[in-house]
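Letters A, B, C, D, E and F name the chains as they come in the text, with residue numbers starting at 1 for each one.
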Amino acid sequence: MHILLLNPNTTGTVTDLMAEAGRAVAAPGTELLPVTAGRGMPYISTRAEAQIGGAIALEMLAGHADEIDAAIIAAFGDPGLLAARELFDFPVVGVSEAAMLTACMLGQRFAIVTFSSSLVGWYRDCVALNGMTSRCAGVFALELSFADVAGDPQGTSEVLVELAVRVVRDSEADCLVFGGAPLAGLARRERHRIPVPIIDPVAAAVKQAEALVALGPRKAVAGSFRRPPAKPTSGIERRLAARIEHRDGPRP
Amino acid sequence: MHILLLNPNTTGTVTDLMAEAGRAVAAPGTELLPVTAGRGMPYISTRAEAQIGGAIALEMLAGHADEIDAAIIAAFGDPGLLAARELFDFPVVGVSEAAMLTACMLGQRFAIVTFSSSLVGWYRDCVALNGMTSRCAGVFALELSFADVAGDPQGTSEVLVELAVRVVRDSEADCLVFGGAPLAGLARRERHRIPVPIIDPVAAAVKQAEALVALGPRKAVAGSFRRPPAKPTSGIERRLAARIEHRDGPRP
Amino acid sequence: MHILLLNPNTTGTVTDLMAEAGRAVAAPGTELLPVTAGRGMPYISTRAEAQIGGAIALEMLAGHADEIDAAIIAAFGDPGLLAARELFDFPVVGVSEAAMLTACMLGQRFAIVTFSSSLVGWYRDCVALNGMTSRCAGVFALELSFADVAGDPQGTSEVLVELAVRVVRDSEADCLVFGGAPLAGLARRERHRIPVPIIDPVAAAVKQAEALVALGPRKAVAGSFRRPPAKPTSGIERRLAARIEHRDGPRP
Amino acid sequence: MHILLLNPNTTGTVTDLMAEAGRAVAAPGTELLPVTAGRGMPYISTRAEAQIGGAIALEMLAGHADEIDAAIIAAFGDPGLLAARELFDFPVVGVSEAAMLTACMLGQRFAIVTFSSSLVGWYRDCVALNGMTSRCAGVFALELSFADVAGDPQGTSEVLVELAVRVVRDSEADCLVFGGAPLAGLARRERHRIPVPIIDPVAAAVKQAEALVALGPRKAVAGSFRRPPAKPTSGIERRLAARIEHRDGPRP
Amino acid sequence: MHILLLNPNTTGTVTDLMAEAGRAVAAPGTELLPVTAGRGMPYISTRAEAQIGGAIALEMLAGHADEIDAAIIAAFGDPGLLAARELFDFPVVGVSEAAMLTACMLGQRFAIVTFSSSLVGWYRDCVALNGMTSRCAGVFALELSFADVAGDPQGTSEVLVELAVRVVRDSEADCLVFGGAPLAGLARRERHRIPVPIIDPVAAAVKQAEALVALGPRKAVAGSFRRPPAKPTSGIERRLAARIEHRDGPRP
Amino acid sequence: MHILLLNPNTTGTVTDLMAEAGRAVAAPGTELLPVTAGRGMPYISTRAEAQIGGAIALEMLAGHADEIDAAIIAAFGDPGLLAARELFDFPVVGVSEAAMLTACMLGQRFAIVTFSSSLVGWYRDCVALNGMTSRCAGVFALELSFADVAGDPQGTSEVLVELAVRVVRDSEADCLVFGGAPLAGLARRERHRIPVPIIDPVAAAVKQAEALVALGPRKAVAGSFRRPPAKPTSGIERRLAARIEHRDGPRP
């Protein structure tokens, strides 16, 4: 089984981190194909960046569609997820979606813990778009930047674990999600220090993508996620245009 | 990996059906341990039966706790699920929960299709308890009994597929769930005749249980799903009592 | 009018406390029949205990069905309530349900105040199951145990009144509910010290049960609360089995 | 116990009908004091009429405040209810509020059945204001006028019972409410012909008012239902003005 | 274009303040007609006062219906708004409604900031009635009275700006609304000191009324906002009675 | 006042249609600057196309930022709206947002009427993202394509008016919105044939953009719509990149 681990950011080291977190839980026989965006931003952290990064994710998916059984959009907030689910025939999973749904099986209310308050509004939109507001005890953040996290992973771990412990005490969350791509792997490493289950979004997404492939659901040919009819395009990346125009040929 | 497939009903043939549906998607290395309730009702289909069957499920879990990595409560409506999640240390997944959460990755709105209108009220409670009302396009039912389904599986398939097709057309659901233990396996068999993805709850639950075991979340020691403190009991089944009284010993 | 005051816990002194609180408000002509569970736990305080205690409540109802006009399930969280409402022909009221509905006539938002944070998750589930989340300003708790409350009623009163006053100030609740069976009677005794109306769940349930008996609604023969059709059982308590199997004879 | 049965309409025959429906269920010792509005409209059926009628209800309450233990605002839609609850010291109950809350103890979802589609929008506002949308299966109406109902009570009964039966079948409601003052008494008379419990709002309100008086909640001195501080007025009905200006003297 | 700026309070100085705030943003060609209630209360601040003030607003609208293209009900909480929208043929806008809807175009979540905690319950009802609860980050208040605000506008400004700044920091609101008629003009004056956009309800209402007049929607002749059929009245203010009885003649 | 009327589609004739509909209601002194996407799809009608079109809209906004006071994203579904609101300093309004908010001032529930069922899922997502689900009576569609509408405007008008009339009768909507860019102008032209107010999204958006400019809200410097800090980009359209990297200079 080949699962595309699509990083819509341009930072390869984050892709590596996520691939490592994903491989730690992947089943035998699952091969993760990590790819890093060839254009865009080093790290998506706002709605505007997600709008652009989501469109880039579609290009990346079009470029790899023939090689894969499923894809993971690996940026918290899931840029381009619903668009991808509609446009492509293989299952597509978002890391925040996967984290929230998995968390629902570990308690009645989850909280999201992240490193920067600038992410909170966008993450809250994402919770709402998933209809998960009643299951979410809140989105809680430190005041660190992407550079802070990259520059001092150990220090970041410490303060995030402290925040996580505080959130459990104050928000009555039954479980937690560490949100934000640069935190991949952290949940697994630090779970013994946090008194409730904590989800790694990338790890959850790998298991959910495997689940969907094993279940083998058909591509919708009715409802709002059927493939849109062919439509002309102009000025769109070559392979994405081919997909939209139905010039991409049948799947092998 | 050993996963208990717990049928809180007393009908062994339904357990067999579910085990078959589960094994069809289980990963290599996953061993399903099907068990059938030793007491109770042939088929849980009301709130009262679920109240009793949920307590029986706890007894069954206590009896098998030492042998398993995770458990599936395999009756639609998930009798005893939250209680089990609180009381035991291993992950516990319900089939309706698993079906709904999995469906959320295949569309914005799912519909539940089942064989008897007597199940609708209880199923709708279950959707609400999961906070899934905004994702659910409705619960739709035929007017068949458990005996009808058992007695004429082929005829049942036909009318359920017809209902499923009609629901997709009328409710604008993006995907479907076939609810009801005796329908195990039907989604896989008939998916090509239904124009949107359709989930088999048992199959979904097997994959979700595998996912949780792979992710290895710790048992909560805080929040509302921590194990309750020891408490005396009287007149409770022996092994369940031992679990509640903390006389069940450490896990091996 | 005979109203069963059903304590699904095994602690007779709590039953006595609740009977006293109920009798203080009962109408002339109302006779409360207090019964204490013959098996189970001294005090239900978790989801697992509620699952078991709810099934025991059904046994108790089956045992007294011929003698009563209505029943009250007298444990906060209402274990077995919907099951009982479906299975039996007389009205059944839960104490938390009654408290919340009554509170709705005294303000737009009520808060629940209780003695132990271990109850909060389960109580919050109960608020949600009743569709009362938008009317509920929160569930607030001290960190006392059942033993603490039983051992020092006076001290408990003091700290609960303090908490109640604080909750009114901070949560903008228009009225309060004291949740938890061992607090029966407290609301009446301390209401002058708390600046908003405060509901005693047992007292509210007695008045609601009287109301339902006076209104004389018929037992549903349609919808999801009609009596389930007869079904065989095995290993179920004798009188409950008779009710499920329709061997309990017509009501006198 | 004296309970004001306040009809904010000017039609005395409807007051009589409601008094009869109320007395049929009142406890021994409860005295209903029916009053009919001295000015206003014959029958409130729109938002504009409710705005005016609600202000008239406040005048009527001010005029009878010294004589009563509780009051019922007896027009479906509950004109002036929250205002009255805030302004006066005794409990005030609305008939639609009472009907909906009582219905919640007889099933998970109630439907409202009424005689005129012109009432539906206003009734739906009322359901929402009570936070009851998730418990309400819908508001269903015939196309009759107030005059039709007054002129042919027997014919109205027939078509309303037919509608009620249809609503149970199609909406999966667990119980019903007959909404609209001229339908007072109908639920009791026709309940055997309708397959689920059906609530008479006036009857429910009488029992709820009795319940509140028996429980004896204090008047809030904090929160949003405390009595507003004294305020000057001009051009307001004499006794209502006295109440607002705190010139109405202490309660006897 | 003539827009009635209807102050349902009797305080002319507040009308002046609001007229000034409205004229600061009105388009060329828009003429605001400020009117002050001839009877009622100096300042509506509770549900009871809003019930009465809303009925007075209908009288005022009936008195000016022939002269205007649209009307604004200029008291936060919008007393009488839905009633007016139903009864009259011209567009009617409420200041809180206009403020909230306008705020929705400036961020995902707005907070309401006001001067007195006694307004909070009523304002929260208003948010809920507008279906805006999910967009509202809260209602936040000082502990000042109407007299305090009137007596020390400068001091009030200072403490309100401080509160606004604190609310932005603590509630994660994307924008703010200054609620309460005596605060008219404050948002415009102090907007540079508050780090998110802040809405003046009167100013927003003027622009929304202009928008509706320009769009020229027809008066509904179906649905729940069609004009109610003629109905007799007694004891109602002359021109309002004429409107309800359809004796008010065609619009010029 | 200069308002950009941004068509994120490549079909100039639709831009013309929208400009005409907008100019019909624009205030004197408002100048609409219509622009058509230079790349993309002829008509956005799915989530995937909206993801791409929303990113193109950001490029178009960056290209015109210096010339305008406000912008309208003129494709129903509002592609890129929240991203634009965050990234740019001037007000940005979406046509569906504007239509829904305006409709809220004309009734309690609006319905959306459009020409193609393929738009329904995406439109429903849009309603939910705006928190408007409780105000929306549904999204109703014909089975026409963009080409059908473009090819036979008169025939389209007829069937859409028929659908609108049917929706009012069956859904109890108080007002309607005609959704879909090629329907611009239709509401104004046909409003006399539809029994409730009907909103033209482009016209509503012009008035809302004018309103925001007149109100003059500041750009947020706190909250989740503050401008994101400078961030490097690669492979992004030149002017959009400059905006993201803070190389776009101060506003004139």
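Everything below uses one rule, namely that a contact is a pair of C-beta atoms (placed from the backbone, for glycine too) under 8 Å apart; a residue touches a chain by one contact, two chains touch by 3 or more.
All of these numbers come straight from a predicted model, not from anything done at the bench.
> Trace the shortest chain of touching neighbours from chain B to chain E and give its length in steps.
Graph distance in the chain contact network comes out at 2.
> If you take the mean of the Cα atoms for each chain, which one ends up farthest from chain A?
Between chain A and every other chain, the largest centroid distance is to D.
> Which chain's centre, taken as the mean of its Cα atoms, is farthest from the centre of chain B?
E
> Which integer distance in Å separates the CA centroid of chain A from that of chain D?
52
> Would you kindly tell me how far, in whole Å, the mean C-alpha position of chain E lies from that of chain A?
44
> Which whole number of Å gives the spacing of the CA centres of chain A and chain F?
29
> Got the chain D residues that touch at least 2 other chains?
In chain D, the residues touching two or more other chains are 82, 85, 108, 120-121, 124-125, 128, 131, 134, 172, 174, 223-225.
> Following the definition at the start, I'd like every touching pair of chains, please.
Chains touch in the following pairs: A-B, A-C, A-E, A-F, B-C, B-D, B-F, C-D, C-E, D-E, D-F, E-F.
> Which residues of chain C touch chain A in their complex?
120-121, 124-125, 128, 133
> For the complex, which residues does chain D have touching chain B?
My answer: residues 108, 134, 172, 174.
> Quick one: which bits of chain E touch chain D in the complex? Just the residue numbers, please.
Going through chain E, the ones touching chain D are 10, 38-43, 45-52, 54-55, 58, 80, 82-87, 118, 120-122, 124-125, 128-129, 131, 223-225, 228-229, 231-236, 240, 244.
> Quick check on the complex: what are the chain F residues that touch chain E?
25, 27-29, 82, 85, 91, 93, 97-98, 101-102, 104-108, 130-132, 134-135, 168-169, 172-175, 188, 191-192, 194-200, 203-204, 207-208, 210-212, 214-226
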